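Pasting a structure here, questions to come.
Chain lettering (A, B and C) follows the sequence in which the chains are written, and residue indices restart at 1 in each chain.
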């Protein structure tokens, strides 16, 4: 008996034989390999993040802990989760409770956290996008999803000008999440509303000198 | 039977008649007749599409290389279709290598059976669902319910539609036909334990949906999703969304079942750099959608450890066998064509009777499911549900020439339809117009129309099939003289001579003025 | 320049004033206007309704009538007919024609223009010396706009008209709802589109709504007439051919 796989592949080959098409080369005349000076990337990235209602804080690397603590306090986060590989010094100024994540914590228990603090892999200035790739300082995907506040530390050196430059930095096999502002919907009269199932607040801490 | 055995290619079959959601129960004009009378619908759609059109133009206009991106997107999809067998086999191999299981489905019936079997194997009687056109197309929810499994739609708009026992009317915003007041009513009636003081503020409505679905996300063991892209090179799948319900479904359950049309494959990971720019800007008019999830098979310690990919044909190979029509397979489901379509804006998505409404639906639906002439198929009316204004072609991020596809499908329909009154009339018209003498005589005959014109030269009633036209439009009675008889007349000749004379006079005048200078 | 005038079947039979104006305008600009008498119809209605075999003789006739090398350019006061000649004739010839037809179609296609294209691109003129002291709004018909890409050429011509009061039409680029047999097969949806177009026209307070296609004007004008709106439709050529010495005089009832 013919399997569905053989049948479908056979149909495709038949279709292509019935309606052969010339080979196509892909013109890639769009912008790639763009670079922008730090100040311009920072300005663009910030503008785009704010446009989508993320809160943005800029600091030098040595002030990370202070700024992180201020942001968490500002949002009333008394109990936060962090991935196992997060730089512990980022929490030096925070006086709340910290729960280090591990794979055996069931997702519903993450719901009890006030927020989560993670690093990030890549950024894209033109679209205001932060990319998480599941590295030890970013953790598993559930961690940055279930709590209602996500504080994300982004190094300006990882922020690329546009989408092609950012995608080029990704490692395809890693589970990757692109985040552009807080959770939102346009499902009611096509009007954008922030805050549905993902974190309703996204705070981005941009470090300018690492 | 395939070429493997016979050496002769066979035309692949359409989606089986009577299955899934690719056919309405009546033709477009009849369905539109009712929809057009729904004033609320007209207002909701007009408002929503106007908003989204402006946003899309803003964010596509700010990219200087938008046209180059469209060119690339179009070429990548065309290249994909040309190499579909090898790309699908590569995708299958990569997904399998990374711990996923790949299934193939000849049609919707088979895909439904596969998904149901997989869900049953987990022992769960509930599934959470990410908005997916493919599962909508095959009627998966209905099938799951018949097997005692409850599907929970988690996208806000899909939830609204599901709670209202309604049908989606838009690819991106399935509840676009509902306004905030209607949504409030639906929630008050259908969500157990909802705050009775819920008002119509969109943020509050979204919060009510969050509260309702939170528990489902935390407890349901199986999720079903579609896929926006599947990368052959790496086996990576991508889901583009806004609310985070996609992330929830793709991350929290133990088992994930993804149903993907075979045309959604892309050759290279790099190709995402094109589509992650084209898709969000064309669909919601955002520079980037809030969330995109990409995963490759199974990642230990992160997300579902049991992953299944169902590759769906369901008429796609039939479309692929059409040299012209196959371009519709390039669609990335952004819905920009719906938002700019004047017909969609008035008649709404339900009038198309298919999961795929609007301009792309009018070309995709008949190709996936056929236009069965013998059955007086409602799908045969879809290619005519367009004024061929071309706004869809301009808006399409992968440059699908929808107007030309519509004209092509109209042609296929007339070819299949045998002898009809319309065909006879068209033949007769062509027979007259190919002979200038007959044409001139017919023009004189048209002069008879002057008789039915009123004293003011207006004709206000015409017989069928033109009665719909004369319902709202006057028609001028034919003039006394055609252009050609005027041109041949003494008056015509004199007028043309005078016009040429004016040129000579002006030229002399000009010359004189120049000389005087 | 020797210009072949294609009247279009609709223009020839029902809207001769638009064709007369085109002929007079081109003659006044010093061109030799020829009217091949064997011309009939471009076959657009057939192709757009799904018939490609039936219009083969029409496509052939068009190529025969205008193929002559002595004709430098072919003009027609219709964006949709020009679109048909430029985009659809080759589809018909490819599928149901012979080599001779394909060659003929390619020859005429290359020299076929809609009126505003001919004036601005080929004859390099924007001010045609017209005089039209009326309030006018312009509807850019879909096939002119999106199939031929005439862009703002008609507006350039209108802006140069002496004493014209040209007002912008809101949502100008939306289809009026005509679409040939669409207006018959889907009359109610077409009417809904027409009503929005008429509402936008009304906000301009224009005396005249103009366009480069008699078919769309027949639709819009038919609607405006039915509601006794007080705004009338007029082909672009009729505005461009009006002068101080021979000003525009209304002659028809509905259009």
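Everything below uses one rule, namely that a residue touches a chain if its C-beta (ideal position, glycine included) is under 8 Å from a C-beta of that chain, and two chains touch if they have at least 3 such contacts.
No experiment lies behind these values; they were computed from the predicted model shown.
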Which of B-C and A-B has more C-beta contact pairs: A-B
Chain centroid nearest the full-protein CA centroid: B
Cα-centroid distance, chain A relative to chain C, in whole angstrom: 53
Chain B and chain C, separation of their C-alpha mean positions in angstrom: 30
Chain B to chain A touching residues, read off their complex: 2-4, 9-13, 44, 47-49, 51-52, 64-65, 68-69, 71-72, 75-76, 78-79, 81-82, 84-85, 88-89, 98, 103-106, 110, 154-157, 160, 173, 175-176, 179-180, 183, 202-203, 205-207, 209-210, 213-214, 217-219, 231, 233-234, 236, 242-245, 247-248, 250-252, 262, 269-270, 272-274, 276-277, 280, 284, 286-296, 299, 301-303, 311, 313, 317-318, 320-323, 326
Chain B-facing residues of chain C, complex: 7, 9, 11-17, 19-20, 23-25, 27-30, 33, 35, 37-41, 43, 45-52, 54-55, 57-58, 60-61, 87-88, 129, 142-143, 145-147, 173-175, 177-195, 218-219, 221-223, 225-226, 252-255
Chain C-touching residues of chain B, taken from the complex the two chains share: 28-29, 32-33, 36, 42, 342-343, 346-347, 383-391, 393-394, 403-404, 407, 409-414, 422-423, 426-427, 429-430, 433-436, 439, 443, 446, 453, 456-458, 460, 465-466, 468-469, 471-479, 481-484, 486-487, 492, 495-496, 499-500, 502-503, 506-507
Of all residues in chain A, those that touch chain B in their complex: 2-19, 21, 23-32, 48, 51-52, 103, 107-108, 111, 124, 126-129, 134, 140-142, 145-146, 163-164, 167-168, 170, 172-199
